[in-house]
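Below, chain A partners chain B and then partners chain C, in two separate complexes.
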Partner chain A sequence: MALLTALVGAGRARADGADPLSDAAILGRSPGIRVESVRVRFTQLDQAGTGYQSQAGPPEGPGSQQLVVSTPQAELVVKQGRKLSYRLEVPFDIVTAASPDAVDIVSSSSKRNEAGSIDLTTTYQSAPETAVFLRGAFHLEENFRSWTLGAGVTHAMADDNAVLSASLNEVIDWFDTYDVHGVPQGHVWRTSSNANLGLTQLLSPTTVAHVGYGGTLQRRNLGVTWNSVPLLGGGLGPELLPEVRHRHALLGRIVQALPWRGTLKQSYRLYLDSWGIVGNTLETQLYQRLGRGAYVRGLYRLHHQSAADFFTTRAAPGLEHRTADSDLDGFTAHSYGAKLVLVGSTPSVREVTFDLGFERYHRSNDLRASLYSCGLSLLF
Partner chain B sequence: MVLAGALAGCAIVPQNRRAKLADPTMAIHEDPLEAAQREKFHSTREGAAGGDGSTAGGGCGCR
Partner chain C sequence: MKLQTLDGAETTLHQAVAGRVTLLTLWATWCDACRDELQPLARLAERSSAVGAQVLAIDVGESPARVAAFVRAHKLGYPQLLDPRFQLSDALGSRRVPTTLVIDAGGNILYRGGALDGAALAAFRGAIGQARTAER
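Let's look at the complex of A and B:
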């Protein structure tokens, strides 16, 4: 009789569309759409220095690279059901007090320029250990448009001890071009095709390591188009860059918990490209917990790069390629900074995090910047 | 990458020994907004930064 009752009950459940062995019956109803997290951040950048590509100075250069940029950012992560999630990031750049140069004859992009992006990543958890994602982004500012399409996959192995990731991105930039006197020359474009591989590995209960490789092929117009180059005989000429650039970056990072409730993060990045630039970057971050709801972070970063093969501050006539852009020069850069992070919770918010940070950057070829930032994140 | 792949087979940390790894200070990647901001700052000032798939941005952030 009991067996008959159970069979009848199961039959009724099926007739109602509620299979007792279905995912919904076992795991509960689908959670629908819910907000996972909200993050906002504000960064203020104050930069000073000089560079030979800038015309904001004497004709023989170097010109000023003074710049003030305010960057508000927002990020929203929404989960739909158990397998789909969406991450939307919206950053803005508000550039004021930039050193005006020739391009301001026809535009005000160096005096005041607002820029914004929309960056959406959709992730589908195709299996407990595998997720695939699609990314689309659009960037807009006064004389520049950029579109990004990307796709990738992450796969966890060995009970989540290792996570492999791979992604592909294609970026198309379309922008106005000017000569060195600020006269518009129409529109130009470039493409960047990028592939990334990464592996994150737990090495011990207190150690995590990550290695990654990124390769990028850039084609067409690879400059800002209004950069100038001082000429040997006097006067200024346009920057002339190759139309192809192969770029390779190799990154290694290790995170180690320390016995005094601290954490050490050490990373190294090697960069090589077909323009002759070789870069080495070391970064150390030291975290120290001050209590359950607070910690501080100290940061030091050392970057050294060699100059592009065709970098010059006095170009001879007839050179096929030339640039005086101080970003493509050989230099050493030091950054140091500190951040205070406060963590709490409320009945409706699982974790509330507020941080306040400062970072100072200075470069051996006369560029200095201070970054002030604060951020708030809510995890539900 | 080959070395890392070899290491992946060597170390297995069981779930019940990952308490320290769950601390936010142990995250292998930074806060995404802070990471994006720092990446853009460096990639628009250092010819040897970038080249790893980040959104280019324009004006002074063209590389």
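Let's look at the complex of A and C:
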């Protein structure tokens, strides 16, 4: 009986294979591995200013925060078959600092610092409307290691007019710790658990809206360990931070196509954390097409935040928590920039994109930065 | 339902289907999933014409010049029409590309799905079989 079933099955398979309209004859075998896109980018950040956490200045501060970061990075997207895709990102950071940290005084380890990451995201299209992804990343630098694991899902609804997304990430950082005199104190670690939820909704043929929430719980050693705080009676003491930080971010964004071949993106972000920081960020981006193969993007961002509850530039003795880090101060920041993007194609490359960008950042507590970037992207 | 040919002339879906079993695909040049099915559709078009059926592609939301350049570059031999103002896709309630429809010789929609797959082909083969039976 089994033999008969097998023979009948084989006969059916031959008949199916002979049918010129069979699935196998039309759809063929599942496509193998192919490169979908390659992107390379170079970014340089030139930062100047002063901050009380830096010892590159008078003992009572503030010290220099001069910093140059060069970041070459590459991204490769590969598809395997019809449902699997892999995105590999490899960024490097080359940091040259003016000695903002105590660790430089003794070891100079952060005067010049190279860092690299490997970040792999695997996406499985489980249904036409649903994709799930897994992410793993590793970051390595001189006195710092970081591991990231993440997972998420996107689900399209209402004929793709709405897309719901959710993701979870866990980051573990393990790093050397130093006192304010640059003396190594062993290793410490921290964890960051992050959850994100987003909804993108098509409101009209020319309007898309997005709302999102991100929550993060950070635990254990949450500082860079060698930041200093000027003390009220003179001298410097170590930064003392709480071992827990809850962070919440709400984002709203609207994208509107404009009648003159432009697009306006407007977003607002509200940030709150358990250290007392409340941040409000407004951002406007205007994209304007210049012709078939070029467009420009203008950007303006306004950010205002309140200081952490325990921020001080003259710490009284006996405080449980204290910091003089300028990033945890209250300030208003402005960013503005422009980017030129050229788009073309060749017979073998579906889309070639080259971009040149500049962004200027300055904030009210004496920090300024210029960001230069250029990128090349090939879509096959 | 007015559609456009690649050279800008007006036509209708009724004229394009013309009483034949039709596998209709709604697509766009920017759509990656649509590009993945160009070769399967070309094979299907070539083989189904021998049995009196056809493959019909309707680009949605793009200009005739753009689509014509794409069709030339990829040497697509099956019939191409345009729905530049989304009239057909709105009438069908479809906002996704690719969308695959199987239409029988009487103009009835027998199947509707996303990308070309085994279910769409089964419906297409079924419609061809029914048309042959009706002819006899």
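Keep in mind that, in the parts below, the second predicted complex is superposed on the first by the 347 of 380 C-alpha atoms of A that agree within 3 Å, B and C clash if a C-alpha of one lies under 4 Å from a C-alpha of the other, contacts with A are read in each partner's own complex, and residues count from 1 in each chain.
Following the convention adopted for this analysis, a residue touches a chain if its C-beta (ideal position, glycine included) is under 8 Å from a C-beta of that chain, and two chains touch if they have at least 3 such contacts.
Bear in mind that the values here come from a model prediction, so they are computed numbers and not experimental data.
Look at A:82: by the touch rule set out above, it reaches chain C but stays clear of chain B. In the superposition on chain A, A:20 contacts chain C only, with no contact to chain B. Legend: residue contacts after superposition of the two complexes on their common chain; A:41 is shown touching chain B, with no touch to chain C.
Within the superposed three-chain arrangement, the count of touched residues of chain A is higher for B, of the candidates chain B and chain C. When the shared chain is aligned, chain B comes close enough to touch A:119, but chain C does not.
In the superposition on chain A, contact of A:56 is made with neither chain B nor chain C. In the superposed model, A:377 lies in contact with chain B only, and not with chain C. In the overlay built on the shared chain, the residue A:159 is in contact with chain B and with chain C.
Residue overlap on chain A between the chain B contacts of one complex and the chain C contacts of the other covers 159-161, 205. Partner chain A is touched in their complex by these residues of chain B: 1, 3-5, 7-9, 11-15, 17-21, 23-29, 31-34, 36-38, 41-42, 44-53, 55-63. Listing the residues of chain C that touch chain A in their complex gives 32, 36, 39-40, 43-44, 47-48, 50-51, 73, 86, 93-96, 114-118, 121-122, 124-125, 128. The touching residues of chain A, counted against chain B in their complex, run 39-41, 43, 45, 67, 71, 73, 75, 89, 91, 93, 95, 98, 109, 113, 115, 117, 119, 137, 139, 141-146, 148, 150, 157-162, 167, 169, 171, 173, 175, 192, 194, 196-197, 199-206, 208-216, 222-224, 247-249, 251, 253, 255, 257, 262-263, 271, 273, 275, 277-279, 281, 287, 289, 295, 297, 303, 305, 308, 325, 327-329, 333, 343, 353, 355, 357, 359, 361, 363, 367, 369, 371, 373, 375, 377. Contacts from chain A toward chain C in the complex involve residues 19-23, 25-28, 31, 36, 82, 128, 159-161, 205, 347.
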